[in-house]
Amino acid sequence: MKHVTEFRDPALARNLLGEIARLADQIGATRDKPTRIMEICGGHTHAIFRFGLDKLVHEGIEFIHGPGCPVCVLPMARVDECIEIAERPGVIFTTFGDAMRVPGTRGSLIQAKARGCDIRMVYSPLDALEIARRNPDREVVFFGLGFETTTPSTAFAIQAAAREGLGNFSVFCNHITVPEPLRALLNDPHMQLDGFVGPGHVSMVIGTHPYDFIAEEFGKPIAVAGFEPLDLLHSVAMVLRQIAEGRAEVENQYARVVPEHGNPASLAAIADVYERRPSFEWRGLGEIDASGLRIRPAYAAFDAEEKFGVGYATERRHVPEPEGCACGAVMTGRIKPTACPQYGLGCTPETPLGALMVSSEGACAAYWQYGGARLAAQ
Amino acid sequence: MKHVTEFRDPALARNLLGEIARLADQIGATRDKPTRIMEICGGHTHAIFRFGLDKLVHEGIEFIHGPGCPVCVLPMARVDECIEIAERPGVIFTTFGDAMRVPGTRGSLIQAKARGCDIRMVYSPLDALEIARRNPDREVVFFGLGFETTTPSTAFAIQAAAREGLGNFSVFCNHITVPEPLRALLNDPHMQLDGFVGPGHVSMVIGTHPYDFIAEEFGKPIAVAGFEPLDLLHSVAMVLRQIAEGRAEVENQYARVVPEHGNPASLAAIADVYERRPSFEWRGLGEIDASGLRIRPAYAAFDAEEKFGVGYATERRHVPEPEGCACGAVMTGRIKPTACPQYGLGCTPETPLGALMVSSEGACAAYWQYGGARLAAQ
Amino acid sequence: MCLGIPGQITAITDADRLTGMADVSGVRREVSLAPVADGPLDDLIGQWALIHVGFAMAIIDEKEAARTLDALRDLGEAQEALDAMAEGQKALEGSQ
Amino acid sequence: MCLGIPGQITAITDADRLTGMADVSGVRREVSLAPVADGPLDDLIGQWALIHVGFAMAIIDEKEAARTLDALRDLGEAQEALDAMAEGQKALEGSQ
Amino acid sequence: MALRDTHVTMAHGGGGRAMRDLIAEVFTDVFQPPGHEDQARLMVDALQKPGARLAFTTDSFVVSPLEFRGGDIGKLAVCGTVNDLAVGGARPLWLSAAFIIEEGCEIAMLRRIVATMDAEARAAGVTIVTGDTKVVERGAADGVFITTSGVGVIAPGVDLGAAHLRAGDAIIVNGPLGDHGATIMAARGDFALQSTLASDCAALHGVMSAAMQAAPDIRAARDCTRGGLASALNELASDAKLGMVLDEAVLPLRDEVRGLCEILGLDPLYLANEGRLVCFTPPEQAEAVVTALQTLPEGQGACVIGHVTDAHPGQVRMQTLFGGARIVDMLIGDQLPRIC
Amino acid sequence: MALRDTHVTMAHGGGGRAMRDLIAEVFTDVFQPPGHEDQARLMVDALQKPGARLAFTTDSFVVSPLEFRGGDIGKLAVCGTVNDLAVGGARPLWLSAAFIIEEGCEIAMLRRIVATMDAEARAAGVTIVTGDTKVVERGAADGVFITTSGVGVIAPGVDLGAAHLRAGDAIIVNGPLGDHGATIMAARGDFALQSTLASDCAALHGVMSAAMQAAPDIRAARDCTRGGLASALNELASDAKLGMVLDEAVLPLRDEVRGLCEILGLDPLYLANEGRLVCFTPPEQAEAVVTALQTLPEGQGACVIGHVTDAHPGQVRMQTLFGGARIVDMLIGDQLPRIC
């Protein structure tokens, strides 16, 4: 697989692991006093565990798993709102597969489907659009979720629907943005991070400048990284080198995909279709100012929230986080998943209690599934 | 079973068979020169074969099976029109079970159902009405067919729909009347009948006077009969006694159910909802003047022909009878089913070619199913 | 044509819609009483009606029923009947 | 977040709708080229793009890819790496 | 208690932990099949006797509603396969049970069905030794379908079959006909009929072994399921190239079944049964069979209903109440309710 | 040729002549089961040897689309049950086949499916000896479901099973993983993926007997169907109370399967196979097995993929490409395509 296999080369991995070890020693990182690097993106978390990277890097390097899984941070109330829409007569509710399992207060979309809702998994918002074209007598709703990577795809889909006059298509918009929760994390006085691995695919849309504040205002190094194991290790080495050299910059490890200023067509589509919400709720993090997008009034006809009068278009029900959930502390790097009193007991991937156990990108789920904890336990 | 078991009493049957034999001998009926009595109604045909009455009566009595099966006389084109309606998106097409098997040029309703049409069997037009109430977003069409017995039920259903403002209910009307084809038969110069057994359940609605012309204009005796074996034998005896005594009258064997002037409420409902068509097509008999009913303009909203623009509401396609079909000759009593060149070869109940093989009330089907021919063959 | 079966009306289920319960040998079905509702509905309870496609089409006249049966009982059983039975027996065994 | 995989654009399938065929190891899927259609569409054929939820989100810069790999090759393999590998081995056998 | 869902979801068919939990808690904890492999491994002495034969049969069960008066789909699935073994003269030993479950199916109902199966199997002396579950999308099945297969042993010397029928043989049934078909038709609700009818669903291994003991020369037996008595007799008549004569006056039929048939215009001879068999014995052994069956709960209504003849090979005829005769033909398609 | 319909209607399930014609023309004329009774009656010498055991298994098959590159539901149904017998060390002998058919199903397609089954059964040396058909209303099934059950004989002395696994045993598969699951996922059309992938569907009786000959001390085998290799190994690890270690570098995977998994975010270890088994041998017999399998068409891609360990009982672990380690856990529910 071109552009994949090369970046999984074990020999080069050995080079990088050596480099990381050298740098870690150089900056005095030890098991007891580790250098803490947050990989912001759930895709990075997933790759770390899938390839076992956490066990390979120098023991002085500790990965802190960030909030960058759009499925994990979906609040219960939002899932309830999905089901509310899906229960309307005539609705075909379309969604990415990984959103099917997220629990709301009335169960997940999988369970709503079993109860009789017409809920269909799609690979792309384009497929939802096609379902709408083929079912003119049904209301087809796409569950739009994701960070800036995915936002353009629903923006393009809404533009196409508007062009075609596809009146039976709408998007339930849950798009969120990366920089705002990062700022919230950095403002948290409990936060102790030494650097960041930046989200490669978000950056291919928004470019690298939105992270400038991390280096400039908070003095932390960051390297935007790809998702193959070499990419990840490379970016860790880059962050460590910045620390070693006393720099705090935004570096781009993933230059083959990420342009400095992002993707103009995608940014234009986002700007055309979406505007910022005053605030948006994140599971485990609560409401974060200006962290979510909504559909502009010009496209209100394609806004499921408006069309069905749910969510932010109405009086929203407050759904408290489940009791005893330590997601916030894990997501801000204060504790490891295994330190959560619910981990593996009340909270498992089969019956997730908190956000981070929901998707295989969630830190707790990745820990569990790939054995972060259990490998060590024996 | 009260009012049933008593009329199946073998001892009384023996009395009647004796009486029939006495009368047959008295009028000189013999196997070679039989007295030919037409049971107009398919229900009587069915009962004759079900209870084996044809083999029990005096050999000088020959039953001629009349055209009184509304399922058999349904023309191919009418079935095609049903399927045309059933294929419209959103339609639930409801029908009595026995109409499911009648072949049109594009197969039967059973086959249309297998191809994906939403066709549902009901026991009563009331059930179709209930389906319409429960499916306000679907068009529910009831396949109205039958003689005067059944006509009131669809009339009452249409009145109820009108009262309730049930805009998604309509009837595809194929109701036909008994006297007109009888007159056509009696006018046929080939016809050689000595008397009639009159249709009991039609008569419970219309009374006995509509048959007066049979006695008065054509000089043939008739006895309106019930459907239990004693009823049938009794009515045969009554017809034979009229012949023996040189009378030609309309007698009522089924007085426990049939009032002389019929059922006022049902007649009123028919008159309110229906009017005569100038003519209507009968399978095997062709177009017969004034033999069919249609929905009055006042109830046009409930008329599926108008609503979907099919059938007599449009230019009708002419569908010729299948080649080699002798239904007309059988139905007018000129030949026995077994004399039809197609009987049991091209035409069987599994693959009916002609009208009379379609329903178990059809003379050919009854012959076949209950072994009229095969019992004799061995 | 026109399958019909006697059933006993056992209850009025909806006086507005003129519906009642009919019982045929223990099998019950709600039927329309519209054709026979020419007097107080409750008078129908206990009566026997001829049921067709979910409608009570006619009230069965018990006296007429009895009169018909009486007429049949009065007929003598004659030799011809026995002959006919014998014919039937032959048909049954396929010897005809 | 945001699963993405390199695929090669092999054809333009609908120039009006800006769609093309992407090939990922022999598995093909029609994708939208909207994010990368900033020049003549046919120029995209043969290029590698980063595919996400049915969209070609970015053209992969072959030179940058080579440059990154070159940088990695230049790094020497150090003793620490071998230690790390040994750690991994221990974890594998559950002895850690 | 790893199973927290109340309804089956697609996850329960995915091959993962959810499926394993469903299978363990709902199925194998109850059936307790031997071992944990992909196939049951079985030994039985009876099979190793010289001349012993193995009997093997299968049926899929589909019924709506899934639960009805007198049983449920699970009872049908066990009894139906036990019966297909028993009527061949086999001693039923082992069953397999494969479930196709519609997404959304209530797990409590599955548990009830499984409990019924377990109870019926135990009562019939058979073990459910292997099984399978599949989950399909909502609308791709109708609640649950069950396919059971059965293995039994036919003792040396036992050989029942159509080929052994002889003219004059008595035709015996074990009880009233059509109860199951009528019950389901009423329960389905399409025709808005109410009744107190109950399915005749029952395992007939006891009836069969009683009949085989009472009639050493028993010829053949069939259970009268889909298509009713009429279909079973027509098949046998055709296989045996012999005729059959039924006596309408003695056919055992419940009043409610007659009533339902009159309302809908159906013939009870074609209604399905799930606990009725027809068996054939030399005339002189018929009374012993009837007497023996009448002592059993499943044979209380046993009676002779006719005889075999060589007068009209392949044809089933009925002597009507009046001594008339008619053919009881093979059904064409389905029995459809009629207006006329 | 009494069957004139081109599509199945409810009449074909009604127990009458239409059903009889469908069964005769489409099914029994092809399968030619012995006899005409409700149950097959079978004798086999191999079963009567002292110590011989009978193997009995069942599976329902549901797949959409019904026909796909590399096979159809009929091939799955025969191979799946043959394989469940074979991996237990049994010689497959007889199959039953029960069909649940959706109203409207094309009869020509049924004929194709039946032809595949017949060909596969003959090739595998098994006979389809008994069967059943049911027809359900449109929307109450998805085209056709097939349940096969199988009976085979386990020779005296043969005893494969999880209990025989030992630390150090080699883990062997017979070819690339996930082809079937990936093929079906692409063929289903939901994700609009095109590929030239073909299902691996195959009968593995030959592979099993080759493996048993090459490795006299073969421990156990499983076919890796639903849930893939990962599920089969997890089940065995849990049953055997031993651990397993896979070597990511040697796992046989086709490029297209990798590609499809990357697109949809799936793990090929959990993809279904229908012609892949995993077997366990003492390490010193592994090479002989691999060599033997590679001579067979169904074993061309055979290789050792890991070993059994007592270090982490019940756990399957993978040594990643970089020497990292991760647990290969039991799947939770279904594998759902991911965006992230």
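By written order: A, B, C, D, E and F. Residues from 1 in each chain.
Simple rule for what comes next: a residue touches a chain if its C-beta (ideal position, glycine included) is under 8 Å from a C-beta of that chain, and two chains touch if they have at least 3 such contacts.
Computed from a predicted model, the values in this text were never measured in an experiment.
A.B. asks: Find out how few touching-chain steps suffice to connect chain A with chain F.
C.D. replies: The distance in steps between these two chains is 1.
A.B. asks: What's the chain with its C-alpha centre farthest out from chain C?
C.D. replies: So the chain farthest away from chain C turns out to be D.
A.B. asks: Can you check which chain pair, D-F or B-C, has more C-beta pairs in contact?
C.D. replies: Contact tally favours B-C.
A.B. asks: Rounded to the nearest whole Å, what is the centre-to-centre distance of chain B and chain E, using the mean of the C-alpha atoms as each centre?
C.D. replies: Centre separation, chain B to chain E: 38 Å.
A.B. asks: Give, as an integer number of Å, the spacing between the C-alpha centres of chain F and chain C.
C.D. replies: Chain C and chain F have C-alpha centres separated by 60 Å.
A.B. asks: Measuring from the mean C-alpha position of chain B to the mean C-alpha position of chain F, what distance in angstrom results?
C.D. replies: 56
A.B. asks: Note the residues in chain B that touch 2 or more other chains, in rising order.
C.D. replies: Expected reply: 1, 4, 42-43, 52, 55-56, 69-70, 96, 101, 110, 123, 127, 146, 150, 350, 361, 375, 378.
A.B. asks: Check each residue of chain E and list the ones that touch at least two other chains.
C.D. replies: 9-11, 17-18, 191-193, 255, 258-259, 262-263, 265, 311-312, 315, 317, 322-325, 332-333, 338-340
A.B. asks: Among the residues of chain C, which ones contact at least 2 other chains?
C.D. replies: Within chain C, residues 1-3, 5, 24-25, 29, 52-53, 85, 88, 91, 94 contact more than one other chain.
A.B. asks: Which of the residues in chain E end up touching chain A in this complex?
C.D. replies: Those residues of chain E that touch chain A are 2, 4-5, 7-11, 17-18, 103-104, 138.
A.B. asks: In the complex, go through chain E and note every residue touching chain F.
C.D. replies: Per the stated touch rule, the residues are 9-20, 35-44, 47-48, 50, 52-62, 64, 84-85, 87-88, 90, 94, 96-100, 129-134, 136-137, 139-142, 145, 147, 149-152, 154, 161-162, 222-223, 225-228, 231, 235, 239, 270, 272, 330-335.
A.B. asks: Looking at the complex, which residues from chain B come into contact with chain E?
C.D. replies: Its residues touching chain E are 1, 4, 8, 10, 13, 42-43, 49-56, 69-71, 96-98, 100-101, 110, 120-123, 127, 145-146, 150, 229, 349-350, 359-361, 368-371, 374-375, 378.
A.B. asks: Spell out the residues on chain A that touch chain D in their complex, using ranges where they run on.
C.D. replies: 1-4, 6-7, 11-12, 14-22, 25, 41-43, 52, 55-59, 68-70, 96, 123-127, 146-147, 149-150, 152-153, 156, 160, 199-202, 204-205, 227, 230, 234, 237, 253, 255-259, 263-266, 269, 361, 375-376, 378
A.B. asks: Mind listing the chain A positions that touch chain E in their complex?
C.D. replies: Residues in contact with chain E: 101, 110-111, 113-116, 350-351.
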